[in-house]
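By written order: A, B and C. Residues from 1 in each chain.
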Amino acid sequence: MSNEAILQTGVGGAHTAGVHEEHHEHHHHETFITKYIFSQDHKMIAKQFLITGMVWAVIGGAMSLLFRWQLGYPNEPLPMWVQDILGKWWVKDGHITPEAYYALVTTHGTVLIFFVLTAGLSGTFANLLIPLQVGARDMASPLMNMLSYWFFFTASIVMLSSMFVETGPFSGGWTAYPPLSALGDASPGSKTGMDLWLIAMALFVVSQLLAGLNYISTVLNMRTKGMSMTRLPLTIWGLFFTAILGVLSFPVLFSGFILLIFDRNFGTSFYLSDIFISGVGPLPHEGGSPILYQHLFWFLGHPEVYIIILPAMGIVSEIMSINARKPIFGYMAMVGSLFAIAVLSFLVWAHHMFVSGLNPFLGSIFVLLTLLIAVPSAIKVFNWLTTLWRGNIRFTPAMLFAIGFVSIFISGGLTGIFLGNSALDIHLHDTYFVIAHFHLVMGVAAMFGMFAGVYHWYPKMYGRYMNNTLAYIHFWLTMIGAYLIFWPMHYQGFAGMPRRYYDYTPWVSFDHFEGLNRFMSTVAIIVFSVQILFLFNFFYSIWKGRKVRTQNPWGANTLEWTTPIKPGHGNWTGEIPEVHRWPYDYGKDNREFIPQTTPVGADENIH
Amino acid sequence: MSVQRADSNRLHPHKFTLWVAIGSIIMMFAALTSAYIVRHAQQNWLEFEMPKVFWYSTVVIIISSITIHLSLKAFRARERLRYRMLLGITALLGVLFAILQGFGFYDLYSRGIQIIGDGSNPSASFLGIITGLHVVHVLGGVVALLIFFIRAYSTRIKTYDSTPQEILSVYWHFVDILWIYLFIFFHLAG
Amino acid sequence: MSLFFTIAVVVLIFLIIFQIAKAAEYVAVLKGEQKSNRQQNKINAFLMISFLVLGLIGVYWSNELFYSKTVMPIGAASDHGEKYDQMFTWTIIITGIVFFVTQILLFWFAYRYQHNDNRKVYFFPHNNTLELIWTVVPAIALTVLVVIGLRNWFAMTSAAPKNAMEVEVVGKQFGWLYRYPGRDHKFGQTFYRVIDDGANNPLGQIWRDSAALNLHADPANFDDVMPTTLYLVKNRPVKMIINSRDVVHDVGLIHFRMKMDAVPGIPTTIWFTPTLTTKEMQEKTGNPNFQYEITCDQMCGNGHYSMRGVIVVVTQAEFDAWLSQQKPNYYAAFPEKDPANKVQVATPPTNPNTGDTSRLRGTSGNPVGNSPNLK
């Protein structure tokens, strides 16, 4: 894994040494392939991540509709054309088979968490914004950056191909707990499907490491003159901590996977012990511990949650300040809370394992640390609220999604207090309450951050605007829909309804939620089609959107708006501008905004 | 707000990237060795003696660290021939290290200690996987060494910037220290 | 046909929306961007406040609709559960207050401070007092919750009382196995390699010697009872020893507010005291079909959803009567040992390979597996 890293640094050395000198007015002679496919321009790589992420979001979202259909309409066959598309393995007698149901649930989780909200979100915005906002011509190593995308792309292909193997894709849940994930005899999805899943995830880890290394060294080493760390926009802080989390936690997941691969293919016993599979007999493995995997997995798994949400927090802070025409409240507290969240995220992983037979004393320490995370989160929420207070708010589509983000983040975050408190977690663990919690706080909230970012930086990406009316419809329907789906879901959790059930009808305790299930599934279908509207808006506007005519359409302070409307590779045509102030001087001294490049005036109050 | 830093004081971005990558590799081995400790505390743990040949491989990798350091010095002194020779020796020592590790595994095998397969004990499996991953990292370094070695023959490239060589040598020292850590770890914990 | 119709309708709706959106953009250009922006801003600000009002109504309404469907209004059926419900209420109150305050502020600010050409924004980059307040206040609130939480957590995970009844619950794909220790109050030892479903030994109880596996028959096994339904006694603490035969499962007991993973190779335990019999619950809920159910809460394979177990809570007298009718599993496996079977069955010759055959293949109905090899 990291051998590639060193190799690339070796090879890339000669290349980038040149970048600094040759980039002034000069443009490479670019062919179609070097410009659009094997591009080393961070802006193009950002678009590649974004569009691949969108493709996966559509696939993953469509999968959720299929299993929501099973839950919402257990007695009605799927529409014929859906059956035709899916084919025999997936559908029997008009219904999704249990194997297919679990495969869908698993792939939906894996794809949305890793491919959409990790690669699609931080891959897009870290690539686009880090060089533009810190004032660099490109990443520290553009070659590694390109490789990171292509590793991700290969991972995507492998994951996609696992949908078509004979024994079916992996179906043991996105957490892939052994023994289920280790034993093909325990679940057909754990045969070839799991091999492909593991290969895809290993490639993905490599991609994230290559990307993360680059983000970190770009932020720390390639800032323009005057851009001290405390003058960085909060987007960069969010992405920077995200990269650190990724670089430190993905290798641990990788170790966990290596041991799993050996257990699966080479007869070792790291995770397996005392197992008897019905119809197969006792297995030779002895002395392993499935709990060991859970520790290794969640040591990544929990930081992963923050890998998803921190970039969204940064994006929201930036957009909120710009559109409230008011500085972000408590910049240092915002950075500090990001830092606190990043550090604490490494110390709370076992709160996913409160009911795994964990030592109760150990559990109590994790309760303490987990609820500690609520403090920086609370600081962030109150700071956002104060940023709005006495501002002058422009409701651009990006701003709407930023406000929506805060609302959803509050709703989803508060339920974390239930789950982080081990005693309360007992009843709610692995029920729909958990589903509602993480879909709001990490799924929908991060998606909102992503939408906000796309609407806001679209003019920078394509030199055009997206259609506002469509954006407003998109926002309001998505916002309403998100609450309609996930708010009532909490009640199913209160009822103790376990997640990942194919069918609830045999259960006395849960069979009275049919109506609610149907309602949620219907809303999910509507919300999904609203997202198609967004995609249409996105792709239509690339070619037909209203053209951007000013360099700085939002009246923002940060450096990306000092580049040409459509910046080439190298970003600035002349010298990289120098920075003289922090990025949040909005409404200061009766001036609407003061870009970072404006020198501090003699009579100006120093913030 | 804080004072801006001068550009010249900054670490080269690629060097910095390497340091972050080293942090990442450390996390991977930290995860594996802590898993080793956790598992060691439980029952059914096979105790066995480390292969003697690991002592030789330790000596080999330490020598290779010295040779790469000398090669860097030679490069800086623009002694092209010496640089090339030391680079080659380092690569050979790296390969020798990998071969010696292989002998170590063979030694375990001949004593009936299985690393993989039915009847393997996690203690041997851990040893095999951790040292195996380390060898992979060493071989990755060897590939980089070879690339540098071949480049050193090319007459077209005339560069006196020693950054790539420094990066390579930092990495090589790192895998060396990593091995020493693992070697001591297995002696203490095993 | 209906497919084309649906697609046509959807496409049409999309087209209409798109045309409106496009037209709106042209109108905006004609009217002047400033003016149309102002208008859009007003609309969105109004929608913000409407969303708040309708949302709050929605919160109330959904509570009316769904709260009665949860297990909360019935109340818990165990002592731990009662503590759980109290703590749950407190947490709802505290988080509820935060929820309403922050959401109302958020949408109210959005509405109140919508763009206005005459407003001057208040340059307010930071304020240490305010930031201190909202660091300390949440910290205090969380401390309260942590203290309540940990007190309950330690109570719920404490060692079971001495007089607790012990039962073993074992998960397998896809169902639950229960075992009572029988008259000697001791569970016999088990070993997973001697599991044999066909020979009535689903837990791998060691009831014969095996030289190959180095096992000795454990007489404590002979009176262990394995019923298909789990019976518990009202007001008597019960300690569950939870295990798994294959993959990770999870014993979920929603009415007792208890949950614990079943991990192969690593037994776990929970304990609680049921406070209501099944009959009492049926009256309380007004549902004559009410059952205490065991759910599996950990993804365990394609039959995960069907891992339903049933618990019946009865009085001590009913329990004793029930237990006395249960036959030890040993007699099911070796009918000839059952004192109730007067007919003496000749013991077949012992087969030294017995242990090995079951180790290699857990074949059902292994003919040689019926021969006991007792000391």
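The rule is simple: a contact is a pair of C-beta atoms (placed from the backbone, for glycine too) under 8 Å apart; a residue touches a chain by one contact, two chains touch by 3 or more.
What you are looking at is a predicted structure, and each value in this text was computed from that prediction instead of being measured.
A.B. asks: So with touch defined the way it is at the top, what topology do the chains form here? Options are line, ring, star, complete, other.
C.D. replies: line
A.B. asks: With centres defined as the mean of C-alpha atoms, identify the chain lying farthest from chain A.
C.D. replies: B
A.B. asks: Which chains touch each other through the most C-beta pairs?
C.D. replies: A-C
A.B. asks: Which whole number of Å gives the spacing of the CA centres of chain A and chain B?
C.D. replies: Chain A and chain B have C-alpha centres separated by 33 Å.
A.B. asks: Starting from the mean Cα coordinates of chain A and chain C, work out the distance between those two points in Å.
C.D. replies: Distance between chain centres, rounded to whole Å: 28 Å.
A.B. asks: Roughly how far is chain B from chain C, centre to centre by C-alpha average, rounded to an integer in Å?
C.D. replies: The answer is 47 Å.
A.B. asks: Check each residue of chain A and list the ones that touch at least two other chains.
C.D. replies: 288-289, 607
A.B. asks: Which bits of chain C are touching chain A when the two form their complex?
C.D. replies: Answer in residue numbers: 3, 6, 10, 14, 17-18, 20-22, 24-25, 28-29, 37, 40-41, 43-45, 47-48, 51, 55, 58-59, 62, 65-67, 69-72, 83-84, 87-88, 91, 94-95, 98-99, 102-103, 105-107, 109-110, 113-116, 119-127, 130-131, 134-135, 138-139, 142, 145-146, 149-150, 152-154, 156-158, 172-173, 192-193, 195, 197, 204, 245-248, 250, 252, 254, 257-261, 263-266, 268, 287, 289-291, 293, 295-306, 308, 358-363.
A.B. asks: Please give the residue numbers of chain B that touch chain A in the complex, ascending.
C.D. replies: Touch list, chain B to chain A: 1-5, 7, 10-14, 16-18, 20-25, 27-28, 30-32, 35, 38-39, 42-45, 115-122, 125-126, 129, 133, 136-137, 139-141, 143-144, 147-148, 157, 159, 161, 163-164, 167-168, 171.
A.B. asks: Which stretch or stretches of chain A touch chain B in the complex?
C.D. replies: 1-7, 9-14, 16-17, 140-141, 144, 209, 212-214, 216-218, 220-222, 225-231, 247-252, 254-256, 258-259, 262, 266-270, 284, 286-289, 292, 295-296, 299, 581-582, 607
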